[in-house]
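I've put the structures underneath this note.
In what comes next, chain A is part of two complexes: it sits with chain B in the first one and with chain C in the second one.
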Partner chain A sequence: MNGTENSIQKVNKKRPRSTGLVPLILLLGVLFPLLLMPLIAIFIFASRSGLDGFLSALSQADAQFALRFSFIIASVAALINGVLGTFTAYVLSKYRFRGNQALSVIVNLPVAIPTVVVGTSLLLLWGPIGLLGKYLDPLGIQPMFTPVGVLLAHLFVTFPYMYGAVRPVLDELETTYEEAAYTIGASRWQTFRFVLLPALTGGLFSGSLLTFAHSLGEFGATIMVSGNLRLRTQTAPLYIFAQFEAGNIEAANAVAAVLAITSFILFFVLLRITQRKTVQVT
Partner chain B sequence: MIGAISLYITWPWLPGTRGATPRTIIVYGFSILGETMNEAIFPEFQAQWQTRTGERVEFISSFAGSGTITNQIILGVPAEVAILSLELDALRLVEEKVLPGPTWHDLPHGGVLNRTPFIILVRPGNPKNITDFADLTQPGVGVVHPDPLTSGGAQWAILAEYGSVLQTSGDELLAYEQLLGIWQNVVAQAASARAARTQFENGFGDALITYEQEALRDQILGRLNAQIVYPHSTILSEHTVAVIEKNIKPQQRQLIEAFVEFLWSEAAQKIFAEYGFRSMDERINVTNPNFGVISAPFTVDDLGGWPQAKREIIETIWKQRVLQEIGQ
Partner chain C sequence: MSIILSELTKRFGENLVVNKVSLEIQNGELFVLLGSSGSGKSTILRMIAGLTEVDAGRIELDGRDVTFLPPQTRGTGFVFQNYSIFRHMTVLENIEFGLRIRKTPLEERRQRSEELLELVGLSGLGSRFADQISGGQRQRVALARALAYQPAVLLLDEPFGALDVKIRAQLRERLIDIQRQLNVTTILVTHDQEEAFELGDRIGVIERGDLIEVGNPEELYHRPKTEFVATFIGNGNVLVGRAEGGQVKLGSTILPFPKNAPFHDEGAPVRILFRPETVVLQDQPVLQKSDIHMLAQGLVIQRVFVGSQQRIRLEVDGLQGVRPIAPPPAYGQRMTHIVALQQSLSSGDRFRTGESFWIGVRDYHILAPTGLKILTCYDESPGGEAAFEFGARLAEASRGPTTLLTVIEHNQALAAAKEKLELLRPKHYPHPSHFETRVRQGASAAEILLEAQDGHYEVVVIGQRGRTVNPNLAGMGSTAWQVLNQAAVPVLIVQSPRPNIQRILICTAAGEPGKSDVRFGGRLARTTGAQATVFHIRRPRSTGAEKKRTDRHLRQAQSTLESLKVNCEIKVIDEAPLPEGILSEAEQGDYDLIVVGAPAPRSPQQFRWKDLDSQIVNGTTRPVLIVPMVE
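Up next, the complex of A and B:
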């Protein structure tokens, strides 16, 4: 293959495997109370009233809506940021211009900004009293408190993940491949399509999954911009929060369990894919 | 597998799976209303409207702390009807030009939908022997309190804690000392009365100051794992309905008006009483024998109305003196 796998996978590939029992026990000792026990608590509380209770909690119209809505928003966010993030990474990696580094830092900022601040800033921009919203509102355009507002928040919050997955691959990719393509008469698009894109597949895939997973769990920005309307703009995490606050712990945990399982499957797939690539290389 | 998941996700939006889109009413309500509205009031109105017009109505709703929903409405959520836990939040809507004026005064009872006294919820068997607000000032008593920043219930609770002494003794210093004593014992603050209740149920604190309705409904159903203590004197909270005219499209007007009228109908008021809210109409309250007796009840009008109570008690006494004193 052509060196597309990122550095982490290279390390994996070279490290000899041994069954270190002591480190494993130590690791579990640390992880058990930190990660595993809280996750187990979700499932115990979700299943306290048996499978019937779990299923009836899940089959509530608003729970169903919240799950579907979250999956749709996450898919669309992954799709849009998949394209935008790749494009951003391509431009910032391949072109040298003044402000390149500043832009590279800015596109990573959403990782560090508290999501509640993201929500507030979107409201102060697009909301009815916001910078732009105040001119749009009289025209009847009001993106906040609608699914569009939720999507805008998720695009902002998840932007760095696609970019982060693709950029290192592009940086490592030697420009000679591209130059070779140009010398045999390939257009810029053809070069991208037949030289860069195949090399990027792994990055694109893991970037999309990361974006999807983060969007699925997004809470802080969403609660600010969605209006938290059940059957309209309430995502699964907001549903969980609302139900937990109202004391309906089973309803909250049933949906939480679904999200936890989904994330597990997502990351499991992610791991398998990156591993398979490594195996192919060796 | 991916295909099956996609089908599940998009199912409700696929063409042909949906009947005629029903008309909707968007209601924002304060936290403790959620159960009553979703379980009884909305279905009852849906049934009535269906028999009257043959149309299906769907309710889109959100329930949170009264302050939270007021802020959301100011920021522009499409609420058509708001049920706030206190008139003060409705006045904020006027201040922020969401409402052209105190339009709720034109509704029955000046816009007050129902009321409920503030009570103390203690652990089963009352191990700390709490009989009145004064006992909450004792050292070693942990009090769970909603946060006055976002919860209307919390503001009512402050008026109850302060006003109960003021109303019976007329002594402002004693009233201040009781309020201070209680707040020195506050161990957890939640965003809404409902959230505070959840914290209490999850084992925080020895006492919770909350709406009688919160506890009464569960007591009637026999699932209250706590005990209600009725103070000698406490406030009756009054919950205000605000119709957000600017969010109501012309074709919606008739429907919204019918719903608001329905809220004060005998059928709806009986439902509220069944769920533990006291009606402004005493004849309806007789239908629920579980309402406790309060020797010296008072309302916010006895404290000079909300604007004055907010300024003098919540801002000046609680925020500037009590919070300073306990070093928050």
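Up next, the complex of A and C:
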């Protein structure tokens, strides 16, 4: 593996590059205020009151809950959508039926819908006066403004990421790959378990990370369905928003920094995976 | 474990990919399905494995009907062209996969896979992954993987397609070894003739979904039954002569029918195959050996050095009336080409371009006769439509080659006429390659007669073409009249639509020269499966001797028809007025076709039209076939 990576770098080095400085400076001039400076601001503010201030801001019960709740919701969302997304991708990729195309489009819709709209539509379905909610409410079942409601919102919003990561891998595998397993005697499930799933690991991993990262940062739908209840349904982004509004910039900043760092780590891991995949393909 | 396919059929949408393929493969046999790409050979293999659904027909593996079973339960081993080695598994894990699925204990399956690794010559590579081994090695892993769980049937889909020539040769030998050693019934699909010859116990040649011919390699090469196999396999010379007097007339040469040659009707076209290596080139037409048959003199036009041998192409002028099939004549090529293979000598070449040689053949083979070769003349009158339909029905029944011809004036558009004919191409014609359309420009009758002569057709189907009723021409147009009078082959005139061909009335008069009408009518009855009635009207006041002759003639007619396996009856009536007797019989029996004889034209210009025949054509709307008598 190492050898192939080296050879790719060598190839890259050989590519002729123009050494124009002007475009580079222009590009940095755009990127710096647009992307880099806001990120830097978070850390500057977070470190203003020193490590102690940062830690004490984090150690508040609200902050602790919000972070823990966000990580749990993100993990569960990644897990559930991992299964659902893979299943959806498998069915839509391997079975031919009427409406396959339409379903493939619908599955990707959550990316295009504003998250606040998602929150609203969930409320209109499950809320106390919603289409289903109005029958469930008398039975004492009320998913909205509870952790379940938050999870529902996150599942909805992050659904396309898993699907999007797995579907192309499945589409790319030649059908003979499965057919070989069938003729050998493997059932559909065995074929999926022993032949397809191992081939999907890369897609599964990057899909999960994407789902996790998006769930961690979800705001629009969450604020609609959670009711923003402290120590009950308040996720980290909601906490940051609430603290900021209340003027506790330090508290908001500390949690924001944690989220930012987590995202960076996830991002770099993802980058590594995708790089390794391209190396494998070559 | 035998494999039996019965009438296996598959369509992809409108496309008939596999057409009623029936095949029986013996225990332990290595059977090769040979065909060009898109011929349907892989689809057959996939249907046997259960990877493609069957539309119609049956698949039996060792007496078990597996037609509708899923692939998992069929017990076949399949090797794909792209190998499809599982990438995340090692070579060993790949091979073990089938045993793992079958829950074989670890120890046993390790042992078995090690054995297989050794069998395919990959010992020591068990821990590698697919991307760490070469293409040839991957192919062998795929083979080992397919053999691991001891499948009853091994199916190989172009297994050597993606490998280079040298590795391919090695792997072929290894495959034969392994197949013999394990005695596993195997079907291999390939488009490579050499591969098919080298590997196959038997070969099935497939084209456009039809299994054309099955046989062992030598049979298919030296003694093919069909023209397709003769030209598809190897480089053959195929020429069409004519059966005359129990021999084959090929230009000015007469060749005897070899023993066991398929039966040919008198006058029927005979297709002769001789391989380039059996061609003898001599400076003199003398027969040095008695088993060489001289054909003609030819001119060397091309010489290609191919290592141990040289391929020489000669142009022959002297083969009158011979139609070349292979090597396929180029457009506008007038002379027959013959390909010869001669040893190449270091002493230089004797066969320089432009030199002339006498061409002889040491060995030749006669292909099975085709169905009737039919020329249908199309015009836009209602009679033309009827002729086209009846001709198509006849072609479908006889499965013979058909040409649809239309003649246009010199100032008319050729392309438009051709397009119009193409639209008439029958949708489900059994052998699309046997259907041709042709447009000629000029005077209708002359062009039809020319085409009939050039194309060696056996029957011409024509409508009445009567735009104006002319009592002198028996109600026909002048074109039909001229064709009827001058054609040297039987002419079938169709005046109105006739939906089927079930009953044929053969009108015969004792004492006519030859028996062509009975024979040809019999051939038609055989190909269409129709019932034939031989009908005779006794002359008034016939003598005893005349009666005897008539009886003998009718007995002969009956035995001729019976030898053709035609369901026939003899009908004799006394002293009826002549055309009316026949016409009323035709009406009463509701015959679909009336066959009458006519004297052969002595010279192209001489009209032979007999009163009787014209009265019959004039008196009925049923199709009438006029057969010229061969003396």
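The rule we apply is simple: the second predicted complex is superposed on the first by the 246 of 282 C-alpha atoms of A that agree within 3 Å, B and C clash if a C-alpha of one lies under 4 Å from a C-alpha of the other, contacts with A are read in each partner's own complex, and residues count from 1 in each chain.
By definition in this document, a residue touches a chain if its C-beta (ideal position, glycine included) is under 8 Å from a C-beta of that chain, and two chains touch if they have at least 3 such contacts.
What you see is a predicted model; the values in this text were computed from it and never measured.
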item: Superposed partners chain B and chain C on chain A - clash or fit; value: fit
item: Of chain C and chain B, partner touching more chain A residues; value: B
item: Which superposed partner A:228 touches (first chain B, second chain C, both, neither); value: first
item: Partner chain in contact with A:27 - chain B first, chain C second, else both or neither; value: neither
item: First, second, both or neither for A:106, with chain B first and chain C second; value: neither
item: First, second, both or neither for A:265, with chain B first and chain C second; value: neither
item: Touched partner set for A:127, first chain B, second chain C, both or neither; value: first
item: Partner chain in contact with A:182 - chain B first, chain C second, else both or neither; value: second
item: Partner chain in contact with A:44 - chain B first, chain C second, else both or neither; value: neither
item: Chain B versus chain C as contact partner of A:174, first or second or both or neither; value: second
item: Which of chain B and chain C A:72 touches, first, second, both or neither; value: first
item: Superposition-derived minimum Cα distance between chain C and chain B (Å); value: 25
item: Overlap of chain C and chain B interfaces on chain A (superposed complexes); value: none
item: Complex contact set, residues of chain A against chain C; value: 174, 176-177, 179-187, 190, 194-195, 198-199, 201, 280
item: List of chain B residues in touch with chain A within their complex; value: 5, 8-12, 26, 31, 34-35, 58, 60-64, 72, 74-78, 190-192, 194-195, 197-198, 201
item: Interfacial residue positions of chain C with respect to chain A in the complex; value: 49-51, 70-78, 80, 82, 84, 86-89, 97-98, 100-102, 131, 142, 145-146, 149, 155
item: Chain B-facing residues of chain A, complex; value: 65, 68, 71-72, 75, 123, 127-129, 133, 137, 142, 144-145, 227-232, 234, 242, 244-247
